[in-house]
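Which chain is which? They are A, B, C and D, in the order written, and residues in each are numbered from 1.
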Amino acid sequence: MISVGIIGGTGYTGKFLIQFCNQHQNIAEMHIYANTTAGQNLHDVLPELSGIVSDLEIKSVENLSYDHDLYFVTLPHGKSLDVVPQLVESGKKVIDLGGDFRLDQAELYDKWYGLNHTNSDLLSKKHYGLADVYNAYGQELIANPGCYPTAALLSTLPLTKNAGDNIASINISSYSGASGAGKSLKQHLLLSELYSNVQAYNVGTHRHQPEISQEMNKSGFDGAFTFVTHLLPISTGIYSTAIIQLKEKLHADDVNQFYSVAYASKEFVRLRDVPPQLKWAVGTNFCDLNVVVNENSVIVTSAIDNLIKGASGQAVQNMNQMFGWNESMGLLTGGEMKTESMEVV
Amino acid sequence: MISVGIIGGTGYTGKFLIQFCNQHQNIAEMHIYANTTAGQNLHDVLPELSGIVSDLEIKSVENLSYDHDLYFVTLPHGKSLDVVPQLVESGKKVIDLGGDFRLDQAELYDKWYGLNHTNSDLLSKKHYGLADVYNAYGQELIANPGCYPTAALLSTLPLTKNAGDNIASINISSYSGASGAGKSLKQHLLLSELYSNVQAYNVGTHRHQPEISQEMNKSGFDGAFTFVTHLLPISTGIYSTAIIQLKEKLHADDVNQFYSVAYASKEFVRLRDVPPQLKWAVGTNFCDLNVVVNENSVIVTSAIDNLIKGASGQAVQNMNQMFGWNESMGLLTGGEMKTESMEVV
Amino acid sequence: MISVGIIGGTGYTGKFLIQFCNQHQNIAEMHIYANTTAGQNLHDVLPELSGIVSDLEIKSVENLSYDHDLYFVTLPHGKSLDVVPQLVESGKKVIDLGGDFRLDQAELYDKWYGLNHTNSDLLSKKHYGLADVYNAYGQELIANPGCYPTAALLSTLPLTKNAGDNIASINISSYSGASGAGKSLKQHLLLSELYSNVQAYNVGTHRHQPEISQEMNKSGFDGAFTFVTHLLPISTGIYSTAIIQLKEKLHADDVNQFYSVAYASKEFVRLRDVPPQLKWAVGTNFCDLNVVVNENSVIVTSAIDNLIKGASGQAVQNMNQMFGWNESMGLLTGGEMKTESMEVV
Amino acid sequence: MISVGIIGGTGYTGKFLIQFCNQHQNIAEMHIYANTTAGQNLHDVLPELSGIVSDLEIKSVENLSYDHDLYFVTLPHGKSLDVVPQLVESGKKVIDLGGDFRLDQAELYDKWYGLNHTNSDLLSKKHYGLADVYNAYGQELIANPGCYPTAALLSTLPLTKNAGDNIASINISSYSGASGAGKSLKQHLLLSELYSNVQAYNVGTHRHQPEISQEMNKSGFDGAFTFVTHLLPISTGIYSTAIIQLKEKLHADDVNQFYSVAYASKEFVRLRDVPPQLKWAVGTNFCDLNVVVNENSVIVTSAIDNLIKGASGQAVQNMNQMFGWNESMGLLTGGEMKTESMEVV
């Protein structure tokens, strides 16, 4: 049983972290730290949690206690750098859900985030927590992947790893619900503006692009990669369509084999024989994937919940790996609970 | 042919005013005045109008010209009071789309709007422009009705006028799309908050309540009136359900007669034999109405476009009445245009 | 530990029953019976349950086993009558989620449902399972309330019970998401028709009206009651607005007291000091309620998930009461699970 | 002034054809023919047209009159073949909005549509009506392009035409609102299923794929082309994202030049300097386009209304070209009308 601190805990991802930690069997204690909502009660900030999570006072990040075993950090880009190094130095385990530790090179961070990274040492020590590909057991600092990279990498790594040299280009169009932009007050995020609407954004400049490239490159692919992000007129979910152009044809059986082997033991990746519906994945920690081989191209469609698999759920999955616990603890309420209760009754 | 000034013209209602005026046969010239968008080009502020309305520079309200024949004023509550009196004194015609001139009594305005009304003289001179009930011919200052009152009053006035003494209570639940709140940056108006959501608001305190009461009372009803407003998770439209409890039963034929007589010559009210679909009215200046007599109650459902019939469309209809023009000029593109062209060809 | 049969189990309410039963500590075994989907595998019919609920073959209702302890019946109106009597005669416990046993009088059923009720004996033996008002302990046959009646009755019974004589009229406008209509293939339920749309329906003829009246009358109210239902352009949730006109003013404190006393020990009713947001309740078994006293009227807004509190969740709550189990078992995954695990670890 | 017959006129595209024809200056008469709705009145089938278009009886396609000058045919795939040949033989002008005449080769039609094309002669005589690229003046039979091909081809033809040899691959992800599927009663098109949802469909097998290839090939591109279609949880609009991988870098100025030259005189293509918002195009006959050159790739995002630019609006534009009329007649109500009225007054 551990004690957990959630820093920046009252945004959309924070809300799910609170719920997952609340129902997690190995978490004895949870404290929430925030900036703008510090001093308020949890039930006043997130009234929907009343009756589900006990009320508690949200503490100020400035009065951060170092008594917890593990810290989830959900601060805006640039702000994690002010908090994470001290925690790591104090021997605390940290899972950072922002972008400050995802890239391996400080220069790349400076270029894409327009900030100055002050701790390249930690960049090289961190574990990139793509939980269905890499295992986080024993890690101290985990950079939780971005939401788009989670979908994009789960869609392509089995192919880049097994046939990276045979890929001419990877072309990804991703669509995200508006919760991906958080609660920031911007006109284009108003329902009256975005309802029934769609718009591509940050074409060629999205910060998740170098993150995706970095992991693709490590896995054996170094060709052309283009990535276009769009805003969907819904609240939650990412739908990602990867069109992979091959240099030479691959047999469909071989391609399917790459994916089925890669995810054979991964309970949170569901290979589908039709393109997934986004809603299958929303509200869960699953990534639903479909692979189609069509002439010289491979088309991979995938669906995730951007706030769960793309943020809080994967963070809890990383925590479970980190401590060597059952990977789905706190995430798959059904089966898990049933088993517990059956032992007890 | 007249010249028109649109003051505060780049919000949601302004956009429709621009389009209606642009296609209006008797408007030779249109100037747009605004505060936050002054100095910008129309096409930069409203890119969707490119190719439809010629580009023009938005002028500052501070440099308002007094050369126009008619002014549409779409400023926030309280701000029309700074502009309208001088226009009226200068002999200009004014249609105010805000709340500053809708109530007859300054005290009522002060109470419900929390402001101090400085011109009760104009309050008594203004014409309340419920265009399908009152005629604005020859008027100088028109207070264009609120969006909720338009639907509520068109739903109930035929009954209050003909059987006001027999009504025990009027109970109205109205639901509005988010565009009714304009482009104001408030968290609960974000798509990520409001999508798939509904919430009642301003229960017992909505500013449209005294406006509705005022006109109901004039028409002969002085009983209990309760009004509850809700936010719909869509962009546009108001759906209003009036449950009118009668003291003594009325025959359905008589009730239907009240409505069919009231709207016999009103081309923008469509009496329906089933409850209207909201989308029938959205995008048009129509109010769709259905009346059901059920035991001792009368149930009237109505649908309008809150930005058109509930604001800009009714304002143009009022202009047409004011000048004695065809009531639908600029509003019903189809038939009107056809007639023109048939004469020409 | 009991064995459960879910009859008609692959519709929207069935899906939630499956999930709740799957995670319920006192259910050892669950079988699913259906008509159109009989013979198929659960994961093929409801792919989103893969990885959450073990796959199983859906059995035919025609081959219904009488070996289970409890049966949830989610058949269409009229069809429960073919199944429930034999089950009850065989000494099995039954929770019927349809309308066949909700009304007390066969004549009323025949009139409103347009069918011929063949078992008025069971009508008088059944327990009307409004779980936050009546307790189902030891019952054999439970008629699970309709979705609209659940919201309407929780909103009004504390007042009708305590001040029924002082109520002049109750006027309820309710709005429901489209899932309330199930998966039936009707044109007006297509997204292309209903999106961004609203429509009142069954005005004065909705089958839930006599059900609401019946329980209001029992609680002490016999005045005018009008009920109007509308379709919302969203998938899930019911928002209900009750405007209650009083004969004589009541003090707000007294009214609030009626509600706080009624729901003091009811963990699934959350009294709110602002009108609830629909999304607070969606995905949960909670009913969120707000009470406003405004002059001679009381306005109660309430929000529920039509498929959970309005169907499957309340059915599981009724099962828990029936067997004398903790009322929230299987429904409130968080707190419950935590307690279990803390005892175990 | 001509007389027009609209065959299959009460679906989504038919409704817009009726409205455009109704407001068109050179159409004196319009008759509507349909199958399932034959014998009904227009206002009963499309109540929203009441007050906008005069009521008329919908005639049966079986009693088709040959007295009209021009026929719009909006029958399902395969059904146009039963009607169009006789009309053409009778010397009537025809604009077919279905897929029966879009492909140049009968074999291709048979393969992709799973039908047997019976008139390859007409396939070679037809004009492919991509109205902002080809001019239809004097044509007798126009195959109106598919909705996806309209967006896809307007996005890519300027580049394939000018630099087709330099393109390694074209990768298009397109998202369409549900109205693209018409009013067909399929479970996945119910609002309760599709709301908040997204799904790719017909991956590698969509009938619009050979249509796009055909025109790309004619323009000078013969490389790899992959096309993936998705269903958006909204009613109307297509958003298309084309990622074009180049063999060798092109200068951004040159690429932009290709597009600005191609569309210099095309009033219905709006080149944008940011990715278009879908809603800019919805409700109009415009195609909004944005071109970004990013390293070795060109990214073109485009937005159209699938029912207008992707069907009825382009059909009217084709009619205008066919007869040598002003291209925007009936389509751009604003400016056009104003000009008329200014001449008249």
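Rule of thumb we're sticking to: a residue touches a chain if its C-beta (ideal position, glycine included) is under 8 Å from a C-beta of that chain, and two chains touch if they have at least 3 such contacts.
Keep in mind the model is a prediction, meaning the values are calculated, not measured.
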item	value
Each chain counted as touching subunit C and subunit D at once	A, B
Label of the chain whose CA centroid is most distant from the centroid of subunit B	A
A-B or A-D, whichever has more C-beta pairs in contact	A-D
Inter-centroid spacing, subunit D versus subunit B (mean Cα positions, whole Å)	36
Between subunit B and subunit A, distance of the C-alpha-averaged centres to the nearest whole Å	47
Gap in Å, rounded to a whole number, between the CA centres of subunit D and subunit A	40
Contacts with two or more other chains, residues of subunit D listed in rising order	195-196, 233-235, 277, 279
List of subunit C residues in touch with subunit A within their complex	1, 19, 22-26, 28, 47-48, 50-54, 195-196, 267-268, 270, 272, 277, 279-280, 283-284, 286, 332-338, 340-345
In the complex with subunit D, residue positions of subunit A that touch it	168-169, 171, 173, 175, 196-201, 203-204, 224, 226, 228, 230, 232-237, 239, 241, 243, 245, 275-279, 282, 290, 292, 294-297, 299, 301, 303
Residues of subunit A that touch subunit B when the two form their complex	12, 177-179, 181-183, 185-187, 189-196, 233-235
